Amino acid sequence: MDAKALRKLLEEVRGGTLTPDDAVSRLRHFSFEDLGFAKIDHHRKLRTGMPEVIFSRGKTPQQVAGIFRKLAAKGGNVLATRADEEHFRAVKRVLRKAEYRELGQAIILRQDDTVYGKGKIAVISAGTSDIPVAEEAVVTAEIMGNDVSHLYDVGVAGIHRLLAHQTILTEARVLIVCAGMEGALPSVVGGLVGVPVIAVPTSVGYGAAFQGLAALLGMLNSCASNVSVVNIDNGFGAGYVASLINRL
Amino acid sequence: MDAKALRKLLEEVRGGTLTPDDAVSRLRHFSFEDLGFAKIDHHRKLRTGMPEVIFSRGKTPQQVAGIFRKLAAKGGNVLATRADEEHFRAVKRVLRKAEYRELGQAIILRQDDTVYGKGKIAVISAGTSDIPVAEEAVVTAEIMGNDVSHLYDVGVAGIHRLLAHQTILTEARVLIVCAGMEGALPSVVGGLVGVPVIAVPTSVGYGAAFQGLAALLGMLNSCASNVSVVNIDNGFGAGYVASLINRL
Amino acid sequence: MDAKALRKLLEEVRGGTLTPDDAVSRLRHFSFEDLGFAKIDHHRKLRTGMPEVIFSRGKTPQQVAGIFRKLAAKGGNVLATRADEEHFRAVKRVLRKAEYRELGQAIILRQDDTVYGKGKIAVISAGTSDIPVAEEAVVTAEIMGNDVSHLYDVGVAGIHRLLAHQTILTEARVLIVCAGMEGALPSVVGGLVGVPVIAVPTSVGYGAAFQGLAALLGMLNSCASNVSVVNIDNGFGAGYVASLINRL
Amino acid sequence: MDAKALRKLLEEVRGGTLTPDDAVSRLRHFSFEDLGFAKIDHHRKLRTGMPEVIFSRGKTPQQVAGIFRKLAAKGGNVLATRADEEHFRAVKRVLRKAEYRELGQAIILRQDDTVYGKGKIAVISAGTSDIPVAEEAVVTAEIMGNDVSHLYDVGVAGIHRLLAHQTILTEARVLIVCAGMEGALPSVVGGLVGVPVIAVPTSVGYGAAFQGLAALLGMLNSCASNVSVVNIDNGFGAGYVASLINRL
Amino acid sequence: MDAKALRKLLEEVRGGTLTPDDAVSRLRHFSFEDLGFAKIDHHRKLRTGMPEVIFSRGKTPQQVAGIFRKLAAKGGNVLATRADEEHFRAVKRVLRKAEYRELGQAIILRQDDTVYGKGKIAVISAGTSDIPVAEEAVVTAEIMGNDVSHLYDVGVAGIHRLLAHQTILTEARVLIVCAGMEGALPSVVGGLVGVPVIAVPTSVGYGAAFQGLAALLGMLNSCASNVSVVNIDNGFGAGYVASLINRL
Amino acid sequence: MDAKALRKLLEEVRGGTLTPDDAVSRLRHFSFEDLGFAKIDHHRKLRTGMPEVIFSRGKTPQQVAGIFRKLAAKGGNVLATRADEEHFRAVKRVLRKAEYRELGQAIILRQDDTVYGKGKIAVISAGTSDIPVAEEAVVTAEIMGNDVSHLYDVGVAGIHRLLAHQTILTEARVLIVCAGMEGALPSVVGGLVGVPVIAVPTSVGYGAAFQGLAALLGMLNSCASNVSVVNIDNGFGAGYVASLINRL
Amino acid sequence: MDAKALRKLLEEVRGGTLTPDDAVSRLRHFSFEDLGFAKIDHHRKLRTGMPEVIFSRGKTPQQVAGIFRKLAAKGGNVLATRADEEHFRAVKRVLRKAEYRELGQAIILRQDDTVYGKGKIAVISAGTSDIPVAEEAVVTAEIMGNDVSHLYDVGVAGIHRLLAHQTILTEARVLIVCAGMEGALPSVVGGLVGVPVIAVPTSVGYGAAFQGLAALLGMLNSCASNVSVVNIDNGFGAGYVASLINRL
Amino acid sequence: MDAKALRKLLEEVRGGTLTPDDAVSRLRHFSFEDLGFAKIDHHRKLRTGMPEVIFSRGKTPQQVAGIFRKLAAKGGNVLATRADEEHFRAVKRVLRKAEYRELGQAIILRQDDTVYGKGKIAVISAGTSDIPVAEEAVVTAEIMGNDVSHLYDVGVAGIHRLLAHQTILTEARVLIVCAGMEGALPSVVGGLVGVPVIAVPTSVGYGAAFQGLAALLGMLNSCASNVSVVNIDNGFGAGYVASLINRL
C-alpha cells in the first residue's frame, strides 16, 4: 500500500463509505513497509548518487550480466565487485559502456558524473600484493563521486618512503589504509593525520598471517585513535564508508 | 499513538476537520510501534503465561529487588536467573512470596499456576557438576507452566545407567540435555527418542574443555538429527525453547 | 533374538525342557538389541513418515544410487542431501520417479504424501547466497510431510522488507532462519514471533566470517530466548528438528 | 632544531663562517622531527579542541591525578577513561573543577566549551549492560565538542522499540552503535540510515560470547556497508572517530 | 532386577503361574541394566583393585568427606584428586587412616595393598612446575597397585640430564611424561623407549603457552609413534591409563 | 664405532700400544650413538617385528617405490601409509609381493608372519566416513603382528547397534575407536570395557567440526578414564600404540 | 634531493642568490627521504652485500623475470624465493647466469662472492619434509655471504642421531632450526649450544598441526632461552636474521 | 664417571686386571653425561659470565631466597625475574648485596662486573605500559655484562618521536623492541636499522588484543626481515638472546 492507497482509504472515510472502526481494522493489516515511505525521504539527499552494487564471486557471468543490466536501467552508476574477465565479457555484451577495472577486479558503468565528495579520499597500501584490495576501494570511491588519490607500496619497514609522500596524506579529508601481514600501516598513518582513517586488513601473507587475522587484530588494537576497521579484504566497504564521510 | 488516537484521527477525517492529505502527512510521522498493536494480537495466546525474566549477575541486590517488584506488579510469574542468596534476601524483603531455588540459582514468584505445557519436559544432565545449569532449565520450564521430570548424573561413560531410566526419556514430549566435557550425551539421548532435544553445553571441565567450547562443538556436530543447541550454560534458554515447543 | 525367539525359550521353560537356571544362562548372552524391541514401540507413532536420508557428498554417483534404491524399497520417502546432478542422473536411472531439487541440492522420492505437520513451517533466509541452505531445509521439511512457506533475501540491513512480510512469520508454527555473515536475522525474527526458531548459520561471507563461525557465534548469543542453533550449513538438521516440533 | 636554528645555520653559511660542506655534515645529524615542523601546521585546525586523554586502568590514583593536572595546564579539555571513584577523588583533590561521569567511568575537565561538531552524534546501545561502553562514547564525543543524543536498550530482538525512535537515528550525522552478545544492532541501524555508523562490540554476554569476540566478528561481517568497527569495549575510540567525522 | 529376580520369573513360568506371553510382557519392561549383569563378569578380573575416585575441586570439604566415607565402605582403595588441605582435614576427621599427598594434591586411603601391575610405571616431568601433575599420576598409579618410579626436572633443553638417567626409562613397562610450555619431552622420551608413552600436557607456562594449549598440540603432533595424549593437567587420567596397560 | 671397535681400542690399551691418556682423548670424540649400542639391546625384544614405515603423501610414486625397496631389503614387514593407487603401481613394479589395502590407503609387504600381539585388538568406528582412518589402524596393527577385529558404523546416536555387538568390545585386549563429528564414541566404548582405549578423532564432518577439532576436543575431555588420544586422522599412530600395548 | 642538491642550495645561500628565509622554505618541502642519506651511512657497512630479494609466489614468470633483471642491474646478488621452474625459465631467458636451487625453490644470481659472515651458520631440520624450508634458509644465508653447513632429518624422536653430529652444532656461530609437527627440535638444539638459535616452524604435519601453528606455539614456549622465532615456513627470514648476526 | 674414572678403568685394562670384554661391559652402563664432558668445553668461553636465573612467580619468598642463596654461592651473577617486593625482602635477608629493580620486577646480585658485550644493546618500548617487560630485558642484558640504552614510549602512532631519537637505534649492535596492542613497532624499527631486532609482544591492551596474541601475530608477520620474536611478555628471553648476539 503506497500513499495513493492510503489517501484512497482516507477519502472513503471522509466520504462516509468507510467507518473509522473499519479503517482501523484495515490499517492494522498494513505492513510497515507500506506506511514507511516517509522514512526514505529523510535520506533521499544522502542516498542520491549511491551506486547499485553486485558482489560477483559465486555468480555466473550470465547472472552478473542479467543483474547488471537491470540495475543499470535505474539510471545511476553500477558497480560489480570481485568480477573476473569472464564476468566482464558477459556484461560488456549487454552494456557496451561498461568498463573493466582489472586491478580492482571491478566492472563499472558510469551514468552519473556528479562529484558528491567534498574533499579528497586517499587510499594507501602497504605492499604491492595489497593493491587489488586498495583498487577495489579506489573504484568504489570514484564511482560514488569522489576525487581519489592513492599511494601504494609504502610499508612500515620503509617508513621514509611514506614520510616522503606526506602531502598525499595531509591533503585528504578521509583516508583508507590497506595492509596485510602485521597490518601496522593504519597506526602509523593515523598518527600522521587528524582525520578519520578506515583500515582494511588484507589476506596477504602466509603462515601466522592466518588469512588476514593477524592484520585484522593489529588494526583493531591500533594505538591511533582515529582508526576504525572493516572486514578482511573489504575494499568495497572501506570505499563506501569513506564516501559517506566525504559527503558530510 | 494507540488505536484510540488512530480512531480520533479518522473521526476528524470523517468529520471533515482533517483533509486526507493532512492525515497522510500525520500518519507518516507515526512510529511503527504505534501502529503495530495488531501484530501483538497474533501471539497473544502464545505469549500468555510467559514469565518476566531478570538476569541477575552483574546487578546489585537492590537493583534486582527493584526490577523484581516492578515486574511482579504485572500479575504474572517472575524469574530471576543467576541470582545468589544476597539477591534473594533483597527480593524477599520486598516480596514475601518469592522463593529461592538454590540449585538452579533462581528466584521465582508464582502468581499463575496454569499448566501451559501439553506434555512432559525431561531435563537430563551428564554429571553432578552440570546440575546448576540443568536446574536453571528445570526452574524455567516449571515457571512457564510445564510438568518437568529430571534425570541427573547419567554420563555416556556409564551408558547402562541412562538406559535403565529410558522411561523418563520416552515419556517426554521435549528433552533438555546438559553436558560439559565432551558433550556427548545429547547425541546418545537423541538417538533414543523421536522428539526434539535441546542441548546445553556447560562450562564444566578443565584443560581442553576450554570453558564449554569442547562440549559446544560436540553438540553442534551431533550425529543425531533431532538435536539443536543453545549457548554454553544457558539453562534458561533451553527451558524457554522447550516450553515454547511444549505449548504447541 | 526377537519376541518369537524369547517366547520359544519361555515355552521350553514351561514345558520343562529347559531349567530356569539354563534359561538364565542363555538370556545372559542375549544382546540388548534383541530384547529391546519394546522400546521401538514407544516411538512408532513419532517415527512414522520419517524419510530415509543419504548424505551424498563424498560418495560416488553409483554409491548414492545403490543406497537410494535400497532405501526406496522400504516404501517411505527418500532424501539424498548435498547431491549434484551426476548423483541425480545415477539415481534417476534406477528410480524414474526420483526428482532433483536443484536449489537445495537434494534428490527426493515421494512415496508417502501424508501431511504429518500440524501447522506451517516458515523458512527465512538473509541473503540470496543463503538460499541453498534454506532450500535444503525446505526440501527436508516437505519430504517429512509439512506445509512449508519461505521468505528469502530479507537481511537485517533492510529491516522493512522483513517487516513487510510479517504475515509469513506470524502464521508459522515453527520457523527456520538461515543467515551467514553476522548471523543476526534469527534474533530479529525471534523477537517478532512467539514460537520456536531454529537458526542455521551459513558459511556465506569472507574474511572474518571464518566459514560461518561469525554467524554461528552470533546465533548462539542471540538475545531472543526462543532461538536454538544447528551446525553451520545444516539445512537438513533444521528441517528435521522443525518437522519433529511441528508433529507435536 | 627548529626553524630558528635552521635559519641561524643558513645565516652562517651566507656569512661565510660555515662552509657548505660543514653545513651538509651538520644537517645530516638533524633529526626528522627537527625539520618536520611544517607538517604539524597542516592539522592545526583539525587538532584544535582535541582533549588530552588518560587511560586510567592499571594506574594508581596518584599517577592519574599527577598526569591529569599536568595535562590540564595546557588549557584544553581533559578526559580520563576507565577511571573508578578512587581515581576521581585523587583528581578532585588537585583539580576542583573535575567532574566524574559515573556511568561512563570517566573523569572530565571542561576548559573549552566550543562546539566543534557540525551535526548531532547519536549513541545507540543494545542492552542495559552495554551502557558503560556507550557512555564512554558519549562522554568522549561531548568533551570533543559535539551535540550528543543517545538511545539505550534497543536490542534487535525487540525491533519495534528501535523503530519507534527512528527520529534519533535519522537526525544524526554520525552514529555509534554498541552491542554485546550477537552484535547485530549495527547492521539493523546501518540499514536505517544513510550516514557512517561506528560499531563498538562489547564484552557483554557469557559462554560463546567469548568476551566480545562473537559481537566483534558479527560487526566485521555486517551486511550494512556503512559500518566500520573499533576494538571491543572501545567506547572512547568510537567517540573519537565519530567526533573527527562530525568536524568535517 | 538381578539374576535372582529373573530366575523367580522363570520359575513361575515353569510352575505355570505365569504364561510365556505375560513373561514376555514383563521382560519388555526390564531395564537393560537389570539384565546386563553377565557383561560385568567379563571385566571382573580387570576391574578388581580399581580405586574409587573423587574429583574434589568445586566440592566443599564436607561434601568430599561424605563421599569419601561412603566409597571407603566398599572396602577398596579411595582416591580424592585436586584436594586441598581443608578437604583433607574434613576427610581425616571421618577416616583416620586417610593420608594427604601434598605434592599431588591427593587424599588417599589404602585398604588393598595388592600389586596389580606386572611391571614398573615411570613418571617423567620436564620442569619443577610440572611436578603437581606428575605427582597426581604417581599417586593414581600407586593406589592402583603399581610399582612407580619417577624422574623430575629433565627438560629437553638439557637433554644430557635425561640421557644420564636412561635406566629409569628403559626399565619401565609404561611411561607417563608430563610437560608444559612446548611439550617436547614425550617425543624425546618416546624415541628412547619401545613401550607406550602417555603424554600429559600441563598448563605450565605463560603468554603463547595459552594454558597448556601449546603443549597439547605439540604432544598430539609428536613424531614418536608410541605417544598418546590425555587432557591438559590430567595426571589422574594418565595414571589410570598406564595402570590399565600395566595390568595386561 | 661399534662394540668391535671399542674392544679393539681396549686391546691396544692392554697391549700397551695406546696409553690410557690417548685412549681417553679418542673416546672423547666418539659420538653418543657409537657408544649407545647397549641401550638398543634393552628394547631388542620389543622392537623385533616392528614394520618399516613410509608416509607417502607428498612423495612421488618413484620416491615411495625407491624407499620401499630399500626398507624391504631389511627383511621385515613394510608399510606405506596414505598411499594412492599410483604409489602402489610404482611399488608393485619393483616388489611383486607388495599388496594394496585400498580402504586403508596402505601398501604392505609381509615378510614376517609372526604373531606378536598377546590378545585381540578391536577397531571401532562411528560412521562409514571414518572407515579409511579405521582401516589404516587395522592395517597397521595387522602388519605389526596382531589379531584384529573391527566393528564399523556404530555411532552413538544408535547406541543399541553398539550394544548388540558388545562381544567384540569385551573380547579385546586393547581398543581403537575412530570418530569424527562430535567424537563421542570413545567415551561410550570406554565405559563398556575395562581395558585401554586409543581414541582417533577424524576430520569427518563439516561446519563446526572444524576438520576434526570438535572430535579431538571431545575425546580429550572424555569422561571415561581409560581413554587416551592421538592426532586427527592418525590411524597409523593408534594402530602402533595399540600394538605396543598388546605386546606387553 | 641528494647531498649534491643540498650542497648546491647551500652554495646559493653562500653566494647570496638565495636568502636564508627562502632556503628554509624550500627545505621545508624536502621529503624526509631526501635528507635522510646520513642515516643510510650509519649502516652502509652492514648493508653492503645484502641481496636484492623477490617473493615470487603470486607473481607471473614474466613479472619475476622483469623485476629480477632490474635488480640484477644494481650489481649485487639477487634472490627470488618461492619460485617454481616456470619462474626460473623466464628468469634464465633474460639472465643466463641465474641458477635454480630446486630444493629451496629459489632462483639466485651471484655477482658478489665476498664472504661477509665471520663464522659458520648451521641449518638443522627435523624431518625430510622440512627440507624445502631449511634449504630456503641455506640459500639465503649463502647468497648473503656465509659459510653454511646443514644437518637434516634429525628429529627429536631419534635424539642420538642429533647427538652423533654435535660437531656441526658446536662449530656454528649461529644456528637455524626448522621443524614442523611438535616443533621441539629448537629446544633440544638450544640446550646443546651457547649461541643464538633462530627457530623456523614449518607447516609440515596434519590434523592438530594446524598448518604450523603447533610448531609455532611450541617454539615460542621453548624452555631454551637462546631461541627466537620467525614466521611459519619463513626460511628466508631465518637466513636473513642469521646472516645479520653472523656479520656482527 | 668423569675423565679420572675413565682413565682409572683404562689403567686397569693396561695393567691386565680388567679384560677388554669386561671393560666394554662396564662402559656400556656409563651414562652419556659421564662421557660427555668434552662437549661442555666447547662452550666454556661462551658460557662464562652467564647469570644464574630464577623464575619467581609461583614460588614462595622462602623458596626464592633459598634457591637464590644457593646459586649465589657459585660466584657469578644471579637474576630472579617476576619477583615482587616480598620475594625481595626474603632474598635481602639472606643476601645483603641483592638489589631490587622494581620497574623490571627483578632481583639481582652482581658478583661479576666484566663487560662481555662488544657493542650496545638498545631496548625500545611502544607505550608506558610496556615498560615492565622492557625493563626485564634491560636488567637481563645488564646482568649479562652489556652496555644497555633504552627509549620508551615511542609508539608508531607518533612516528616522529621515534625518528627524533634515531641515534639510539643506529648506535645499537642489537635491538630489543617491546610492544603490545598491534605490535607494530618492531617492523618500523627493523626498517630503520641494519642489525638484528628481537621483538617482544606484550600482553598490554584489551579486547581484541587477546592478552598479547594480536601483538605476537603482528610481529611474526613483520615485513622487516631482520626481526625475530620471543614469547609474550618474555623480556628475559629477549635480553638473553640479545646478550648472546652481542658477545659474538
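All chains are identified by letter, namely A, B, C, D, E, F, G and H, in their written order; residue positions are counted from 1 within each chain.
Criterion: contacts are C-beta pairs under 8 Å (C-beta built on N, C-alpha and C of every residue); 3 or more make two chains touch, one makes a residue touch a chain.
Since this is a predicted model, take the numbers as computed values, not measurements.
Path length between subunit E and subunit H in the chain contact graph, taken as the least number of steps between touching chains: 1.
The chains in contact with subunit B and with subunit E alike are C, F.
Of all chains, the one whose Cα centroid sits at the greatest distance from that of subunit F is D. Using mean Cα coordinates as chain centres, the one most removed from subunit B is G. For the interfaces A-H and A-B, the C-beta contact count is higher for A-H.
Comparing contact pairs by residue number, the interface of E-H is reproduced by B-E among F-H, A-H or B-E, since over half of the pairs coincide. We define each chain's centre as the mean of its Cα atoms; on that basis subunit A and subunit D are separated by 24 Å.
The distance from the centre of subunit B to the centre of subunit F, each centre being the mean of the chain's C-alpha atoms, comes to 50 Å. If you average the CA atoms of subunit D and of subunit F, the two centres end up 59 Å from each other.
A straight line joining the Cα centres of subunit D and subunit E is 55 Å long.
Counting partner chains per residue, subunit A has residues 32, 36, 39, 163, 166, 192, 207-209, 213, 216, 220-221, 231-232 touching two or more of them. The full set of touching chain pairs reads A-B, A-C, A-D, A-G, A-H, B-C, B-D, B-E, B-F, C-D, C-E, C-F, D-G, D-H, E-F, E-G, E-H, F-G, F-H, G-H.
Within the complex, the subunit G residues that touch subunit A are 31-34, 36, 57-58, 201, 203, 211-213, 216, 231-234. Against subunit E, the residues of subunit C that register as touching in their complex are 3, 6-7, 10-11, 13-14, 16, 19-21, 23-24, 27-30, 32, 35-38. Only residues 32, 39, 42-43, 46-47, 50, 53, 118-119, 163, 166, 170, 173-174, 192-196, 198, 216, 220-221, 225-232, 236-238, 240-241, 244-246, 248 of subunit G touch subunit H when the two sit together in their complex.
Partner subunit G is touched in their complex by these residues of subunit A: 129, 160-161, 163-166, 206-209.
Of all the residues in subunit G, the ones that touch subunit E in their complex are 126-127, 155-159, 163, 180-184, 187-188, 190-192, 205, 207-210, 213-215, 217-224.
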